[in-house]
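In what follows, chain A forms one complex with chain B and a second complex with chain C.
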Partner chain A sequence: MSGLAAKKIAVRFDAVDALKNIDLEVPAGSFVTLLGPSGCGKTTLLNVISGFLKPTDGRVYIDGIDVTDTPPERRDTALCFQSYALFPHLSVEENLVFGLRQRGMSGADRAKRLRDVVGQLDLGDHLSKLPNQLSGGQQQRVSLGRALTVRPSVILFDEPLSNLDAKLRETVRHEIRSIQQDFGLTAVYVTHDQNEALAMSDKIFVLNKGQLEQAGTPQDLYHAPRTRFVADFVGSANVMQARVVSRAQVDVWQVVTPLGPLMVRSDTPPEADNVLIAWRAEAVIMGHDPVNAVTAKVVRRSFEGAYTDLFFDVEGKTFRVQQTETNLVAGEDMTFSILPDNIVFLSDSVSKVAS
Partner chain B sequence: MTRPSPWFIAVLLLPGIGLIAVFIGAVIYIAIAQSVGFYNLTGDSGFSMEFWEKLIGRKSYWTAVRYSLFIGFWAAVLSVAVAYPLALWLRKPFKGSLTISAILKAPLMIHGIVAAFLFLNIISYNGLVNQLLVWTGIFDDPRRLQNDSGAVGLLFLQVWKNMPFALLLLTGAVQSIPQDTLNAAQDLGAGTVERFRRIIAPLTVSAMQAALIIVFIDALADFTFQTTVGPTNRQSLSQYMEFFRGRGRWNEAAGVGVTLMALSLIGAVLMALTARLIFRERPIARVVTWYETRRVEAQT
Partner chain C sequence: MITPHILNRALMILLISVAILWLVIPFTMAVLWSLVDPALPWTPDNLLPPVISTYRWSYMWENSLLKPALLNSYTLAPLAALLTFAISMPTAFAIGRYDFQGKEAVKLVALLPLVVPSFVTAIFFTSILYQIGLAQYRFATILFAHIVLFLPYAIRIMSVSFEQVRIDHINAARDLGASPWAVFRAAYWPAVKPGVLATLLIVFIKSVEEFAIAYIVGQPGFVTIPTLVYASLGQDFNRPNAAVLSLILAFPNVILMLFLERLLKSANPAMASGKGC
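Moving on to the complex of A and B:
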């Protein structure tokens, strides 16, 4: 199999389990994102893939070859560092061809690769500058170019955009994705920004405390989160407890929740009688619908530009509803309904979450 | 806060730096003046190139110059060469690393003459080294290792004494390189040697230059080690100077002194420049790159 595979990776630092039993598959040419909060082990996993860290357990394969014992300098991976890590004493040009020199490529081939990448990333005006003479965005592009010139089997990104301002971040995000597609690169991208992950990835692996929470396409994760963590971390869904009362149809369950009785349509049955369910703030219809109607008082309203968040409290918990157009203000009652299709059963048991 | 006037600063500095400048200036002036016939302690004073002519005409003068340069050069290069791996090894703290680095710096606190006698004892005819070599069967009988004519023992002692200086300077420099930078180089295919050549050495070249200069000047003017463990058939410049002084030939002694000062300056500058050229400027690589780019441009 070509591409990248990591099988049953475990990393232990003294008493801390930084990674536990991680399985990662990145088919050749695809763009995979590792998403998770700070300290969940994203960088650690990248270090295992690029060879800077030997896993306590598990193997790493690149294009089907076991590279677990291959040192970083002989692995066909290239890493884009969060800090850029450009060589401060070398010109942009020398930074860009560094990897090619190490591979002993001839001057003519080097010049050709350089021209390609310089054109792609629009670095032509900066070739003779030193890194400290560049803006953050330019440095970021050099760091990207330095990894691209070697045409690695696997390219790795460790939060490459976190030092850029919001506007630039969006531009470069698209740049990275289109370059990855043009070159057919196999990419692993680390971020803690769910928007970035959703927008860029073919597949997302959500990590939490060193463990894999869920893997799937952006749509899967967004619409069918399996755990409370994923539901909350990806797009901050509303999560609440529910008691299953009856099975109304093959794929429809009747549950009782703090918001009242609701119908849930799900391909998978709930794992217990007391479960957690999640629904997306924007997946509601305003107005009185015969199914799953909820009435609540708006306690806070927050205009976010493209949409408006409306908050309401039930049993001491705050819920959020999102509308693109609304005249509702705080203090008013609103009635909306959550379609049964838009509610999902989570697999964490209630007791586990409560503890 | 307003900045005090530069004159005021100069006046404040005068008792310290001013005094140093006066003393150094006086020494250099006397040495140069004496070497051209002034301040003659025994005969008539007056300008004369006679002492220089005599000095330059002597074969032993040139032998001493060559020998001192040899010791200075190799002491500097070897000290730096030994200090680098140690500095890199101690770059990231680990259990016991503080103790190790303290032990490595111990020679700074042991006086040269003490170290020299200790060393003599260890390598003496009945000393530890001979015992060990005979016991392991490498030597059939003890051999004379003291004052070897190749100056190996002397250089060893020079490195032992001077390496900590280099280590002190290089440790700081090496620690200031971010781990990410080294990882980036390794990730792009640079092994240990290439990482040193392309990243570590260029980024620490200033500390390397400082270390080379300090060790070079110290070893060039060595008297203590040379007279205790150095080859007996050779004379260092300091020894040569002492030889003249002992015979009351102050003008020639001053000539050798001036030679020492000049060589210190020139040698230090040359070593520093060479280090920078090799590791930072990379003139040959630049020419090759320029040529190759030209060729590619010509083809297209």
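Moving on to the complex of A and C:
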């Protein structure tokens, strides 16, 4: 298989499991994101892939070849560092061709590779400058360019945008994605930012406490989170307890929740009688629908520009409803309905094992 | 009302006065005293020596132990600098690059020799050197003693230098396929270069001006510049001769310092451009 594969990766530091039994597949030319909070093991996994860390267990394959014992120097990966890690005493040009020099490439070939990357990243005016004479965004591009010139089988990103300001982050995000697609790069991208992950990835692997919580396309993760952690971490869904009362149809269940009785349509049955369910703040319809209607008092309203968050409390828990246009203010009652399709059963087995 | 302008001027004046007190006056006095003619002494009623003569310079050059002292000092110092640097390397590397138990204690112990007055160290140290029978090889003994005495400086400076080496630079170089030598050149050398030069410079200067051990081990017969200077301050005190000697002692160090300053500046472009990276 071409691309990257990691099979049954485990990493233990002393008695602590940093990674447990992770399987990762990145088909050639695809963009895969490792998403999770700090300390979830995503950077550890990246270090295993790049060769800086030898896994306690498991194997890493690049284009079908086992590279687990190959040191980073000889592994066909290139890493874009969070800190950029540009060599401060070398000019932009020397930074860009650093990897090619190490491979002993001839001057003419180097110049050609350099031209390609410089054109793509628009760095032509900066070649003779030193890294500290560049802005953060430019340094980020040099760092990307330095990884691109060696044309690696797999390009790795370690939170490359976290040192940029919010506006630039969005621009560079698109830039990285389009370069990845233009070059047909196989990419693994590490981030804690769910927006980044959703916007850029072909596939997202959500990690929590060293374990894989869920893997899937951005749409899968967003609309069908399988665990409480994923539901909360990706797009902060509303999560609540539910008791399954009856099976109304083949794929519809009736449940009792703090918000009252609700109908849930799901392809997978609930795992137990008492389960967690999740629904997205924006996946509601305002007004009194005959199915799954809920009435609650708005306790807080927060205008976010494109939408407005309306918060309400039930049994000491705060829930959130999102509307693009609303006149409701705090203190007013609102009635909305959550369509049965928009509610998912969560399975919390993964989180339980991990904690 | 104190404006920044006035403050600036005041500080400038202060700096200049300090420089005059510390440098210009002593050096001018030394130069003037070294040019006094032996036949016409410089008496307190004259602002300047009555006759300017280079007699002292040629006399000291021909009729003193200046030549062997210069030879000894300027062979000792570079050797001490290089060897101290080399020997400090493993400890400094370990302190700078690794985390281990008792690291702080090791740091403290490595610095301990600096807090003991040098003459005290010298006396006990030379008695050890006599006991182990080293003291008959005077040059080697003094060299050995200088290395031991100045190791704390080298370890201190070099361990801080090694701490400056960024792990992400090392990893970036390795990730791009660099050999160990290329990793050293790309990630280590730029960060440790100022420290290497500073270590060599400091040990060199420390060794050139070290008196206690050179005196105790070397007397009589083996002279270095400081023992020669102290000798001419003591037994046969002669201010013009001492002035000549101290100027000769100071001169190469000043040149060396300027040279290394220039080297350090060109070594660190990030520093020169005034922007951190």
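Just so we're on the same page, the second predicted complex is superposed on the first by the 348 of 355 C-alpha atoms of A that agree within 3 Å, B and C clash if a C-alpha of one lies under 4 Å from a C-alpha of the other, contacts with A are read in each partner's own complex, and residues count from 1 in each chain.
To be clear about the criterion, a residue touches a chain if its C-beta (ideal position, glycine included) is under 8 Å from a C-beta of that chain, and two chains touch if they have at least 3 such contacts.
In this text, all values refer to a predicted model and were calculated from it rather than measured experimentally.
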Combined model on chain A where chain B meets chain C, clash or fit: clash
Partner chain(s) touched by A:Pro131 [first = chain B, second = chain C, both, neither]: second
Contacts of A:Leu339 with chain B and chain C, given as first, second, both or neither: neither
Partner chain(s) touched by A:Ala199 [first = chain B, second = chain C, both, neither]: neither
First (chain B), second (chain C), both or neither touched by A:Pro88: both
First (chain B), second (chain C), both or neither touched by A:Ala28: neither
Which of chain B and chain C A:Ala108 touches, first, second, both or neither: first
Where chain A meets both chain C and chain B, residue numbers: 50, 52, 71-74, 77-79, 81, 83, 85-89, 98-99, 102-103, 146, 150
Chain A-facing residues of chain C, complex: 166, 168-169, 171-179, 182, 186-187, 190, 268-270, 273, 275-277
Residue numbers on chain A that touch chain C, as the complex places them: 50, 52, 71-74, 77-79, 81, 83, 85-90, 98-99, 102-103, 130-133, 146, 150
Chain A-touching residues of chain B, taken from the complex the two chains share: 178, 180-181, 183-191, 194, 198-199, 202-203, 280, 288-289, 291-293, 295-296, 299
Chain A residues touching chain B - in the complex, by the definition given at the top: 50, 52, 71-74, 77-79, 81, 83, 85-89, 98-99, 102-103, 106-108, 110-112, 146, 150
